[in-house]
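In the two complexes below, chain A is the common chain; its partner is chain B in one and chain C in the other.
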Partner chain A sequence: MSTLASTVEEPPRLKQRWWPLATAILVVASLLVASIAIGVYDITADDFGGELVWITRVPRTLALVLAGAALATSGLVMQMLTQNRFVDATTSGTTEWAALGLLLSALLLPDLGLVGKMVVASCFAFVGAMLFMLILNRVVIRTTLVVPLIGIMLGAVVSAATTFIAAQFNLLQMLGTWFMGSFTAVTRGRYEVLWVVAIVTLLVFLLADRITVAGLGKDVATSVGLNYRAILYSGTALVAIAAGVTVVVVGFLPLLGLVVPNIVSMIRGDHVRANLPWVALGGIALVTVCDIIGRVIIRPFEVPVSMVLGLVGAVVFITLLLRRQRG
Partner chain B sequence: MTRFLSPKSAVRGVTSVALVLGAALLLSACSGGGPANDEKSADATTVTITDNHGKVEVPVNPKTVVALDNTSFDTLSAWDVDLAAVPKGVMGSVWPEYTDDEKVIDVGNHREPNLEAIVAAQPDLIIGGYRFGDYYDEIKKQNPQAVVIEIAPREGEDVFAELERQTEILGQIFDREDDAKALNDKLEAAMADAKTAYNGTDTVMAVNTSAGKIGYIAPETGRALGPVFPALGWVPALEVEGGTSNHKGDDISVEAIADSNPDWIVALDRDAAFAVEDREAGSAPATELISNAEALKNVTAVKDGHIVILDANFYLTEGIQAYTELFKQLGTAFSAK
Partner chain C sequence: MASIITVPSSGLPALETYAKSSWWHRAWPILAVTALALVFAAGILSYGNPVPIDSPGYWIIVQSRLTALGTIAFVAVSQALATVLFHTATNNRILTPSILGFDALYVLTQTALVFVFGASASSLEGIPKILAQSALMVLFATLLYGWLFSGKRQNLHLLLLVGVVLGIGFGSVSTLMQRLLTPSEFDVLSARLFGSISKGNPEYLPFAAAIVGAILVFVWLRRRTYDVVSLGRDVAIGLGVNYRREVRTILILVAVLVSVAVTMVGPMTFFGFLVATLTYQFARGDSHAEKIPLAIAIGMATLLGATFVLKHVFAAAGLVTVIIEFAGGILFLVVLLRKGMR
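Right, the complex of A and B next:
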């Protein structure tokens, strides 16, 4: 199946293939340089400025790369597995489950370190994502809109529970700050755990073809000899880890995993393996641009990246919806 | 009737009447007896006060009191005022005599209050406002028999003058005017000391910390610490150009703090009240967050150890006693350098 697809699609692309990608890499690289260059402290002013680059700027930029790539690619995975374009960690309730896990681990196991909290959050995210898939399997009407609606509803229920627990323990204010997606607090020593999601992104690349086949549905996948269940579970686990880890380190990054894969497939058509580098680069670019905007508009203060991302994401999301309705 | 009155108790009755009369005479003599004094004299049953909405007649020493305003609890507690209902959800463990007493009805927290709990208490006086300001009309409508007052500091007014006004009004209502004056004097003294301790030139930055993030508290307008800037004449390390109320608790990067290089950092730790017992004595997330930040190691405040962390319960108390303690703390810190 995949060999057929590649023999059909690849020849005309071969010639121009590396050009656009190289340009995209250059664009993203310059965004990252800009991200390192932009900040409140004048890094050229004194010796400490140079040191500060390594204390705050580089870690922040690396965190943007890691979170952006992981969330965008895991969004793509989720869309393949559910066979729906409007699903990602935020519209399937997965991030809300991660948040619930984080809150519970902070309440019940306060001594748990960052890594422990991440494990708990990821486990909750996995349970949430699986629950979403289970419910989807039982829903008869699976139109484009019903699927994300189910996810958003599930997420709302879970976040209501989270809010209730937080209210009981007087943690509402903390909850707000905690899950507000923001890279402001990312400094050396406080982002390194994000490297876990680099592994997630790598695994997504490795499993790309299998996920594509699984995306054709259980029957097709099984008939070409794929262990559908194994791919379903491992794909969901990857999404859950990406969601869990980023929620713990930076908070909610809404719609990132939804917007980027959709834009890429609109421009380039559907070919998971070939699109993956584009999705990863797009995720990095979008989150970096939003973060730079957030850093610049009310200098020396910052607007959380989630706010900018939510705004940009919502506009793109609605545009996509309208386009598809018409088509 | 007189049959039942023994000579002994008759004598006791007469003496007590005489005592009360004497006391009343003494009191009126002491206070000079002006015309305004009529409504406040010892045997008056009501007093007219001006709350945030206008003139209200309030019973003196009302029998059943409901208080919803956190800034009033310290005073009420100090004066042993019994409360029939309180919002236990926003009181932490600061006032156990109210929160741990099962006879005190729980109004919940201001986000999801149980206003019927107030009705159930059948109060004569409701001290509302502050976090419960939005429910003023509703509470008034539901409790026609009660006097509803709001005496928390008003927006846009000088917080400290407002706290003194509040204390004064409470003093009139609970017939504790001398105690009220003592509280006000203490605040002023602590404020004056803190002002003297400040050298007039050091730059100060106020921040709040929550969930590992540092927020910026704007001088004058910011929560809790904003009003302290004009009161003590602090020089802000970082000023918001143009913005007044917009930047009350903005995200601020450690870089921006490093860049403004404050001589002092004063922090409101919003998570401090959380799991205090789990933490080692003397340690607070805010201290760790600020002192251990690599990017802040060259900041004067960090190098000199000029970091003041507010009392863990400050965001719950916020009353005149809380600010008096804060000014004392600041006075000690700033004079110790």
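Right, the complex of A and C next:
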């Protein structure tokens, strides 16, 4: 594997230019500072303000960082594994499966803790993602556009099932609150499990080269000595964990994993490992900006970040689709 | 003329057998499905009425159930008609108005109106307001979808994907604006948006009947033209049809029909698709004279049957739309996959 890694090493030219990344890190950092500073309660007003920063503002900002980075990078992973630019956890139905898992675990195993629920949700997300890939394998002519379409419809069917079950047990209203992607409820003691997705992001960085090779297709990957199945399964598992954990802690964050990798590769080209830090940073930046917009637009109330993301994501997605068609 | 042009395109009966086939041969599926729909309708009206038949209370209950029945009928007719017409205009059988976000667009225009003009403007109840709101929706839909379906953008999957994502985006914008409304404005809006089969608003029934009835008559008179339109742009122009005008008219009709359906029971993404796909399965030919009645009958039978079974067998009347969404969604996937494999 080491020989393979060295052949995919980025050209030295890219290595020398460290300052764009540094600038990006600075921009994202200032966004995060803004996120900590913005809020209804004036944190400089009294002593309690300082304490409040650690109870809500910092946990919320950390949650933004973790969820944004993990979903954006796992979107990139899915795009490599399915060899399709328009796939992420949203457009493959993976999040809907995670939601179904969460609902079922809440109904059947009410004593299960938060971690247990996340395990169940992630398992469902894994099954859903594998099912999606299985269906893709059976479709002979898979045009670029039919792939996300199948995923979206699969997600719609799964979420109809979720709605049905929730309605049977009078949980419809709760369902809406659970899955409305929002960082409002994220406080100290309620976000820590999100660190799991930091591990996911780290693993994606470590596996980046292998996932890139797997993205060339099963035959190519196998012929250069890659255990294709192992990478396929572990990549899907990473995506599933990211989807499962974020659904349980913050809810749906639509189209994030789709928009960010596409924009990054439009600007920088297709070098996956060199792009990864950019994708992670972009994910953080997008979620943070959307969250800040949601918090500012109707102060002192909040608009859930998922709505802002859904709007921004849809606009960007359609622009990408139409651009691609022209070019 | 129409019967010659509307030879089924997909390996259905060959030309001679189609021409020779009797009137009865084409009509019996329609009659059978209609009979089924009538059985379900009678079931909904009479089954499990808690009051004995000789007391006056019996008829009060029947009357209130008639309202639900009327709602179902208009939703079934408008969704079935809208989908079949949309398939004619777009010349394919996967795109449906709901999947492309027409419903979401309707919800968006309603929300935007309340958002811009506030509760005061929207409290002007009555036909003029409904007309104004529908006009806005029709204008928007004609511009947007007219643009999508015009000229070079003929990639089916691109259209479908753009439509689906547009629907998601409309939904996000609507929810966003609804969050920004004051509670009283939101009340006004939700009274307009969220109907359900069990509590159909009897006030809308005559209005909906007039609109849907008029469209039905209009479409029936133009059924032969639409037979030609469904052959596709080039053939239709070659046969002397003003294709652009016809397609634009159809899009307007579809927008009106969808807004009627959404006002009555709320958005149903896959219902129209389910009905239309079943229709093409059972129809003997390809003419609108046959497809339209069959689609309406199937729409009625599906919606009435689902309501009857869920209400009286599973005691879950609120789930009709969810079940239909589920079944329709799976059917959509199957059709999509089969098309993709070919």
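We take it that the second predicted complex is superposed on the first by the 312 of 327 C-alpha atoms of A that agree within 3 Å, B and C clash if a C-alpha of one lies under 4 Å from a C-alpha of the other, contacts with A are read in each partner's own complex, and residues count from 1 in each chain.
Simple rule for what comes next: a contact is a pair of C-beta atoms (placed from the backbone, for glycine too) under 8 Å apart; a residue touches a chain by one contact, two chains touch by 3 or more.
All values derive from a computational prediction rather than experimental measurement.
Student: Quick check on the chain A-based superposition: chain B and chain C, clash or fit?
Tutor: Partners clash after overlay.
Student: If we overlay the two complexes on their shared chain A, which of chain B and chain C does A:Thr56 touch? Say first, second, both or neither.
Tutor: A:Thr56: touches chain B, not chain C.
Student: What is the contact status of A:Leu311 with respect to chain B (first) and chain C (second): first, second, both, or neither?
Tutor: A:Leu311: touches chain C, not chain B.
Student: Quick check on the superposed pair: does A:Ala167 touch chain B, chain C, both, or neither? Answer first, second, both or neither.
Tutor: Touch status of A:Ala167: both partners.
Student: Per the contact definition in the header, classify A:Arg188: touching chain B only (first), chain C only (second), both, or neither.
Tutor: In the superposition, A:Arg188 contacts chain B only.
Student: For A:Tyr41, decide between first (touching chain B), second (touching chain C), both and neither.
Tutor: A:Tyr41: touches chain B, not chain C.
Student: Which partner does A:Phe86 reach: the first (chain B), the second (chain C), both, or neither?
Tutor: A:Phe86 sits against chain C, while chain B stays out of touch.
Student: Using the touch definition from the top, say if A:Trp178 reaches chain B (first), chain C (second), both or neither.
Tutor: First partner only, chain B.
Student: Quick one: chain B or chain C, who's touching more of chain A?
Tutor: Touched residues of chain A are more numerous for C.
Student: Using the touch definition from the top, say if A:Val303 reaches chain B (first), chain C (second), both or neither.
Tutor: After superposing on A, A:Val303 lies in contact with both chain B and chain C.
Student: Tell me which stretch of chain C runs into chain B once the two are superposed: 9-17, 27-35, 45-53 or 99-107.
Tutor: 45-53
Student: Jot down the residues of chain A that show up as touching in both complexes, chain B in one and chain C in the other.
Tutor: 167, 298, 301, 303-304
Student: Could you list, by residue number, the parts of chain C that touch chain A in their complex?
Tutor: 153, 155, 157-158, 160-162, 164-166, 168-169, 171-173, 175-176, 179-180, 269-270, 316, 318-319, 322-323, 325-326, 329-330, 332-333, 336-337, 340-342
Student: In the complex of these two chains, what residues of chain A are touching chain B?
Tutor: 39-42, 48, 52, 55-56, 110-111, 167, 169-174, 177-178, 182, 184-185, 187-190, 295, 298, 300-304
Student: Looking at the complex, which residues from chain B come into contact with chain A?
Tutor: 89-90, 92, 109, 111-112, 210-216, 238, 240, 247, 250-256, 258-260, 270-271, 273-275, 278, 293-295, 298
Student: Help me check something: in the complex, which residues belonging to chain A touch chain C?
Tutor: Touch residues, chain A against chain C: 86, 135, 138-146, 148-150, 152-154, 156-157, 160-161, 163-164, 167-168, 254-255, 297-298, 301, 303-304, 306-311, 313-315, 317-318, 321-322, 325.
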